[in-house]
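Both of the next two complexes hold chain A, though its partner changes from chain B to chain C.
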Partner chain A sequence: MDEKERKQAIYPLSTESLQQNGKTVYYIRSVTSTIFGVSAGILGLESYYGFLFYFGGTAFVSLLMFLLLARGQPTEYFTSAKDIWTGNTLAGLSSFVLTWTLFYGLVDA
Partner chain B sequence: MVTAPDLVLDPSLRDWVLFPILLVMILVGILRHYITLLLQSPPKQQDVLAIREQQSLARGASLRSNGKVIPPSSFQSRKAYLIQSFKDGIFLKDQEAFKNKDEPKAPANPLAEPGGMDQMINMLKGNMVMIVPQTLLMSWINFFFSGFILMKLPFPLTIRFKSILQSGVATRDLDVRWVSSMSWYFLNLFGLRSVYDILLGSNNSAGGGMDMAGMNPGMMAGGFQPGQDIYKLYLSEAENIELTTHEYLLEDIEDRILEKYQL
Partner chain C sequence: MSFVSTTVTVLSLLLLFHAGYSAYEFSHYLKHLTVNSDATVPLDIIAETIVATALFAFGQVLGAKQLEPVSFAKWAKGLEREGKSPFAFLERRPGYMNVTKLRDEYASAKK
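Coming up: the complex of A and B.
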């Protein structure tokens, strides 16, 4: 058993809690990506600016989750700190595109 | 700078095509969620021996992964017991068949076992609930809403997408950003997932088979395929347990506590 495994065994993370945390992140991503899509559509952003808006907004939300939800200690709640920064970002992208297109069309038309 | 729009869409397109498709897709997703819930048959009650046959494998795996929390003597006795029992096949449901195991027999048909049949029907149901609405919606949109431009995408696409996204529109030079109702359908298909999550909670089955892991928790939990020779699984599990090295987690606990509290 190497050092890392040993640490895992001595301070175990509960699988159910990990799953619950993952769900929370997923839910936040769903809601925020929809809201970002609506705002990008209303602002009338096009092409690269829209995607930049999405990734910038997602990074901001990740920062908020990092600071407010995980209190700067993501490894207490996730197996790796990566989960809070990049987890589910691509899943939110499709809903972002949907609402972006919808509101872009509604405002433009 | 104000430029004249190169194409002006009739607002009634929005009212009678854009919104209906969106609404219908959302409602179909919700309907699909509830149909899936209704079709789920409750897990069938198995007899004690069948459950023991399946769960003893999990017992072996659990000893392998969690054995470090019990002292070496306990681990050794559990190890000896499990290996012996696996090899003797005393957890097997059908002891008679085990005694005659040297006789050649036909490979078990997964359909013959009641459990296997159940699983197949469940999978079929899930597929039907997914495929039927998809096909219906697609032909509905193709039938009523094809042949005109519905909306403008906010991002440019390459010319390759023209034949897909503008199918049925006979304009050669139109920008690919103007798309027909079929593309709106596809956008909905992929993007409505988060809407369902907000409406139905995170463990819904409205979106179709996008996440296979979340769909059949019962199937994943067992990890047991019907029709498999379970005695062979026992033998390999016994071998795995044999190979497990045991390391007791509380080995040098005194030192660690002293170190932690700086005594």
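Coming up: the complex of A and C.
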């Protein structure tokens, strides 16, 4: 039994809250990335700039979640602190591209 | 979702719609009323879009479900306060409880 296993045996984790928190993060990522796509389309971003916008927006959402949802203590709510920064970051990429291209075309009169 | 987060979200969507319509009109004028048509989106539309996006993200994070503590002890403590213990099925079996035996066990464990 290594150090990590022993720690988990003494302080067990709740799988239910892990799932619940994962779902909450996934929901926020999906909804915000759709709106990021709308904005990127309105701004008329092209090629790499659109993806940069996506990753910038995702980082901003991570910061908001870190401050407002986890109140600066991500280890309380996730197995590791980096989960809130990197978890599900690519989940919304396809919906981002969808709305990005849609609104890019819509805004162009 | 709380009142504040709903208000912020609705406001941000209105701003975003306005920015989108403005961008559409701008591109319309550019194509039909000017000769020089390689201008980019004006700064006020860019600012409005970015503010709307940031507000939307803020509203969504504010209105999201509260995260639950990942430590089993803390999570169970929170549930117990609401009267929903995860061990309720173990705790509420008075018919199976042998009080005399439990007392004997307690007494022998103390020695």
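Keep this in mind: the second predicted complex is superposed on the first by the 108 of 109 C-alpha atoms of A that agree within 3 Å, B and C clash if a C-alpha of one lies under 4 Å from a C-alpha of the other, contacts with A are read in each partner's own complex, and residues count from 1 in each chain.
The criterion applied here is as follows: a residue touches a chain if its C-beta (ideal position, glycine included) is under 8 Å from a C-beta of that chain, and two chains touch if they have at least 3 such contacts.
Because the structure is a prediction, the values reported are computed rather than measured.
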First (chain B), second (chain C), both or neither touched by A:16: second
Which superposed partner A:100 touches (first chain B, second chain C, both, neither): first
Touching partner for A:43 - first (chain B), second (chain C), both, neither: second
First (chain B), second (chain C), both or neither touched by A:27: both
Chain B versus chain C as contact partner of A:108, first or second or both or neither: both
Chain B versus chain C as contact partner of A:68, first or second or both or neither: second
First (chain B), second (chain C), both or neither touched by A:90: neither
Partner chain(s) touched by A:52 [first = chain B, second = chain C, both, neither]: neither
Shared chain A surface residues [contacts with chain B and with chain C]: 27, 31, 44, 106, 108-109
Chain A contact footprint on chain C (complex, rising order): 16, 19-20, 23-25, 27-28, 30-31, 40-41, 45-46, 49-50, 52-54, 56-58, 60-62, 64-76
Residues of chain A defined as touching chain C within the complex: 11-14, 16-18, 20-21, 24, 27-28, 31-32, 35-36, 38-39, 42-44, 57, 60-61, 64-65, 68-70, 76-79, 103, 106-109
Complex contact set, residues of chain A against chain B: 1, 9-10, 23, 26-27, 29-31, 33-34, 40-41, 44-48, 50-51, 91-92, 94-102, 104-106, 108-109
Contact set on chain B toward chain A in their complex: 9, 11, 14, 18, 22, 68, 151-156, 184, 187-188, 190-195, 197-198, 202, 247, 249, 256
